[in-house]
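In the two assemblies presented below, chain A is common to both, partnered first by chain B and then by chain C.
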Partner chain A sequence: MTMHPHHPLSGEGIALHKPFPLTIRPLADKARFSLRIDPDQRIAASAVLGLNLPGNIGDVAYAGEKTAVCLGPDEWYVTVPVADQAEIEAGFAALYAQQPHSLVDVSHREVSIGIEGRDAALVLQSAIAFDVDAMAPGSGCRTIFDGKAQIILLRDAKDRFQIDVWHSFSEHVWHFLQVVAREIELDI
Partner chain B sequence: MLLIHCPYCNAERPEVEFAYAGEAHIARPTDPSQLDDDQWRDHLYIRSNPRGLHYERWRHIHGCGRFFNAARDTLSDKFVTTYKASLPRPQIVQSEDTP
Partner chain C sequence: MTNHRIAGKGRVDHGRPVHFTFNGTRYEGFQGDTLASALLANGVHLVGRSFKYHRPRGILAAGSEEPNALVGVTHGPGRFEPNTRATVLEISQGLSTNSQNHWPSLKRDIGAVNDAAYMLFSAGFYYKTFMWPKSFWNKVYEPFIRGAAGLGVSPTQPDPDTYASRHVHCDVLVVGAGPAGIAAALSAGRSGAKVILLDEQAEFGGSLLSETDASIDGRSGWDWLTMAMTELAALDNVTLLPRTTAIGYYHQNFVGLCQRLTDHLADVPQGTPRERMWKVRAAQVVLAQGAIERPLVFHGNDRPGVMLAGAARTYLNRYGVKVGQSALVVTTHDSAWLAAFDLAKAEGKVVAIVDLRPNISSHLRAKADSLGIEVLAGWTVTGTSGRLRIKSARVRPADPTAGGARTIACDVLMMSGGWTPSVHLFSHTKGKLNWHEEEQAFLPGEHAEASRTVGAGNGSFGLAKALAEGAEAGADAASDAGYNGRSAQYMVTDETELTGIRVRELPTDQNPGKAKAFVDFQNDVTAKDIRLAVREGFKSIEHVKRYTTNGMATDQGKTSNINGLAIAADAVGAPVPAVGLTTFRPPYTPTTFGAFAGYNRGRLFEVTRKTPIDGWAEAKGAAFEPVSLWRRAWYFPQAGEDMHAAVARECAAVRASVGIFDASTLGKIEIVGPDAAEFMNRMYTNPWTKLAPGRCRYGLLLGEDGFIRDDGVIGRMAPDRFHVTTTTGGAARVLNMMEDYLQTEWPDLKVWLTSTTEQWAVIALQGPNARRLLEPLVEGIDLSDDAFPHMAVAEGHICGVPTRLFRVSFTGERGYEVNVPARYGRAIWEKLFADGQAYGITPYGTETMHVLRAEKGYIIVGQDTDGTLTPDDAALGWAIGKAKPDFVGKRSLTRPDMLKKDRKQLVGLLTDDPMMVLEEGAQIVFDPNQPIPMKMVGHVTSAYWSASLNRSIAFGVVEGGHSRMGETIYIPMPDRTLSAKITGMVFVDPENSRLNA
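Take a look at the complex of A and B:
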């Protein structure tokens, strides 16, 4: 029997053309890791990942298609292309002898949603209680969406955001985004 | 909604990201076997419950996951300051308008 990952949002998409272009869409599948390691061993972990793990909470590092956001003093959320997953897992398994750590594959727990357009921050502001527009591009955090769903929010660029959310919450988040996009379209 | 300053994230975050975790600076007895029942009860259950400035633990559970301490006025619900766990209680001078 072959098992296929289930994507609750596959085939969905929201596109507005007025007043300004705005697209909200599920992003391509990727491998996701939750990494906990002694912050002093950041360099060793960075070498295995092929990307410099950021040291400050909220900072995001990019290397090609790999991203890593620092969520806590010793916690990182790392996403890489699916093709690199096995190599990274093997690299960390080898590192374990020198440095105990925890690398957990959470790929199938989350779905990613991309929000792009001039009003992207406005869309998110309707569900997030802190000042979304004050987030610097290239930063991210774990937070609560609409008072219910825990998400990981990345601001890749001034007008481009990414939400990673659990499958079970994704429909709620998606419907919320649909409603907000409609309100923006109608200028309510 | 209240915004709470997390000393680890160094950012103002909405209160829904946080969980309250009781009074801060409750030291566990150094020699538990010497305590009688009343002393154990006091250690486990008896809290100061002040009207006014209260030092308490919070956890940024939906953010960085860290426990930290906060000084909050229980009357106005205003956070006076937050500081990292393991730091001593900061000295706070109550201003005239707080009871």
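Take a look at the complex of A and C:
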């Protein structure tokens, strides 16, 4: 018997076909980890991940399909292809005895939403108080969306953002993005 | 109806007529008109009745300072708005407007008897008159006053519009797009700084739109304006926001802007928000709000047709409207002369200029002579006549010994008492205002924020000064924001230097005690009221304001403040600054509730958290209840069932066979690290060191004060890994509390906390057939009672999906909680439900869960506890690890107060009438015959109908309850007094035999 996963936003999507197109869509699931480890052990952890964990809060590292954003002095949010999950978990389990840490699977906690287009930052500015456009591409943070939902926000490129949000909040975030996208569609 | 429009004149689009109605009459205006300009073009001055005296009122101003012309507007079904200023409301096709505060009609208003009885309605009238008898206030006086006085009627239908908001960050925010603001925006914009320029009007330009004499750099004002706005529009770093009001200026250059997006449009695309609130954080702010013209205070100064001279000039030059056929000008300031000249040049008739000042500059006199306008210098106006429109004014020399009075016929009186710098936003920042005797004005002193004030708002009147100051400030602001700001030079020619004097009431030879000389038009406050207030002992302007209502409410004293202050100062006999200035408060102009609410309405009002299984419950017709932000299935009614029947059926099914329950909302925290057990020992009351991996324990969490905060079953997955569960509502605060202790008290512990609430979907299977249902689907876990007893936990697979399987019970029955990764929750649930059909599996909701746990004596933190119960109070003393050196709350538990015998303690309650279910929250007394007020000794915390026992059960807290077993207590209710016996809390299966049944 095969159990099929059920994505909270499956079937949803927003695409504005304008001179400056805007797309907002749920992204395919990946394996997601919350990694807590002494920053002195960053190199060892990077070796297991196959990705250089960034040392500055707010920096994002990319290696192929893997990304890691530094959210706190000893905290990283890591996403990897599902196929790599078991190997990474085994690698960290082997590391534990020498370098204790916490690697927690939060793959199913989060829903990822991609926002792409010239007006992507403007869309987010309705929900986020800080200056979104001042974020450097390749940076990220944990922040509050619409004053109601905690999210992790990544700016992967000038015109491309990713929101990761707990699944029970994802519907609210999605409805909010729908309303704001309509403002972009109407050019107001 | 006379048409007062001058063909081709003004900035309205004469080729685009717009039709609208006012009080049911259809009128024509043009694209670009406000309601006020369009009504004036049709000869309509009478637009409302005043607040208190119901006096006929006309249009006074041409901007947002308008105190009289407040109308009700209907933009379509459900889109009624009262108290809209006709002077800022742009007309659109089909707009429907109405005047307010009259009955039966605007022209014949019964309420006008108040005017005849004006002697009664003086300052403090309400305070003095309606004091006695006291009991009359609520039922008689207040409803009467509220009915008789007031403004428009509140809308009765829900607002169908949506509202938007947006955060924005900029280098330089320029408030006000008159010449000073535009010059500032140009300097700042050219430097590359990110600039926002806003104006409350539909069109940028401010005074440039109304005054057309001077030229800038050899161009007419309008040509220069077009050029400047074209340049600004072309700059990518400049955002232009018309129809936008800066409503409030808060700390650290946070400024709220309200932008009107659709009110001016006849056709609005679906989904367009009506307004947007911009939440601006600016590095630098330039305030260029200009000045507001002061009315003159004289008897009859509120008659329709009496208006501000500058407003008349705006209607003429900007809208092409002559406000009357025969104008009398009354002034103490040169600017009204220019208004008179413009009107005369447009072939309007100006019968005379009455100026209180005996000495007028020769060039103004010469100009008046050349235009054939009579000049009465050193004269005053002492009254007006006319019922619904001014017909004449009585004028005479200000010197009582010089000559007699004349009556001059006119249909409009244009007045000017000079100009008041608009300092509202500066005042919001707590910036100190200084009194400038020469300008007779309060002007911004030292700025409390990174801001600058320029132009008329800074007391720098005149176009040349405004442009120079604006250009300089824009450049400086840009430089301070890190850009290379450079000022610009503007050559202004043909500008007339203007001067004036400020007066209180105009001098009169009439009895001032009978004068209706209005200071605050919106609140119907006269000069006499202010003097009376001072006579009665109110010396501070803050007290005078509240006693007389001068400058209160939506108007915030825009036209009345300085006149009121000057009169009060005169009455007190002190200089103006000694009497003080009242505080301006946000919002600057009335702002819709919708704009403040923004997106927070309908489904975006609040997050509704849903579990992965929520959709299944919805499809099955579950009733839902909110639990913190979650919505949870409450019960699953079948056809014809009410809640009582559904819950009884669900309870019976769990005890007889198997029930399935969505427990996904339970908070979950993964606690990992070598010091995990030590951390648990310190946080929870229970001992954790000896709990073996693969086993669970009930955990009790206290606050520092020793009172119960949270509880939950905690599984030890490995020596250094715990799977903690919390209450649904407590998940976030428990994690925060743990992080707080970890980061501030025990940073040395090697342990890390991660919220996994939403990683797992949790399916509870409860009932004697639970194991039979589960066993065939589970791989890797031996479910036999020996291998997997009550309070065990193990990892394995279910239907191929990884699971953390708990053997726990919140019902007293054999129970399992299946944790699976959230995306698989729905599929596993559906599989269990399908296979469970063989056992008559029954989905149940939170209500049944509550009943089943109460039958077993399990408490719910937050329902049976209220933040004042210790573990002993809740009969949970067994959960305390007595040998532990410390845990959060331990020391508090031995305080003398916590050991008292008569503390309120949680007990079971069985009503003497078994059919009677108590009311949760009902108060408990020992003696029902004691006099009222009775001594309350506790209350009911939980009460249900127990289908298992065929009777009611309840919990309550009762003083000293644990030593009162078997005693009877009483619950007084409105219609009768109920009685119940104190019992233990376990009503069903005290031997726990069913856990393994």
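Operating definition for what follows: the second predicted complex is superposed on the first by the 183 of 188 C-alpha atoms of A that agree within 3 Å, B and C clash if a C-alpha of one lies under 4 Å from a C-alpha of the other, contacts with A are read in each partner's own complex, and residues count from 1 in each chain.
Going forward, a residue touches a chain if its C-beta (ideal position, glycine included) is under 8 Å from a C-beta of that chain, and two chains touch if they have at least 3 such contacts.
Because the structure is predicted, anything quoted here is derived from the model rather than measured.
K.L.:
Is it chain B or chain C that touches the larger share of residues in chain A?
P.N.:
C
K.L.:
Figure out whether A:73 sits in contact with chain B (first) or chain C (second), or with both, or with neither.
P.N.:
First partner only, chain B.
K.L.:
Quick check on the superposed pair: does A:143 touch chain B, chain C, both, or neither? Answer first, second, both or neither.
P.N.:
first
K.L.:
Looking at the overlay, does A:106 come into contact with chain B only (first), chain C only (second), both, or neither?
P.N.:
second
K.L.:
Applying the touch criterion given at the start, work out whether A:182 contacts chain B, chain C, both or neither, answering first, second, both or neither.
P.N.:
Touch status of A:182: second partner only.
K.L.:
Figure out whether A:42 sits in contact with chain B (first) or chain C (second), or with both, or with neither.
P.N.:
Neither: A:42 stays clear of chain B and chain C.
K.L.:
Should A:58 be classified as contacting the first partner (chain B), the second (chain C), both, or neither?
P.N.:
The first partner, chain B, only.
K.L.:
Just to be sure I read the superposition right, which of the two partners does A:25 touch: chain B = first, chain C = second, or both, or neither?
P.N.:
It touches nothing on chain B or chain C.
K.L.:
Contacts for A:160 in the overlay, against chain B (first) and chain C (second): which applies, first, second, both or neither?
P.N.:
After superposition on chain A, A:160 lies in contact with neither partner.
K.L.:
So, A:129: does it touch chain B (first), chain C (second), both, or neither?
P.N.:
In the superposition, A:129 contacts both chain B and chain C.
K.L.:
Touching chain B in one complex and chain C in the other: list those residues of chain A.
P.N.:
128-131
K.L.:
Once bound in the complex, which stretches of chain A touch chain C?
P.N.:
Residues 1-8, 29, 34, 36, 74, 100-110, 122, 125-126, 128-131, 133-134, 146, 148-149, 166-169, 171-172, 175-176, 179-180, 182-183, 186, 188.
K.L.:
Under the touch definition given earlier, write down the residues of chain B that touch chain A in their complex.
P.N.:
1, 3, 8-17, 62-66
K.L.:
Quick one: in the complex, what on chain C touches chain A?
P.N.:
For this pair, the touching residues of chain C are 162, 164-169, 261, 269, 271-273, 276, 279, 281, 599, 603-604, 606-612, 629-630, 670, 672-674, 720, 750-752, 754-760, 799-801, 821-828, 831.
K.L.:
How about chain A: which of its residues touch chain B in the complex?
P.N.:
Against chain B, the touching part of chain A is residues 57-58, 71-73, 75, 128-131, 141-144, 147, 150.
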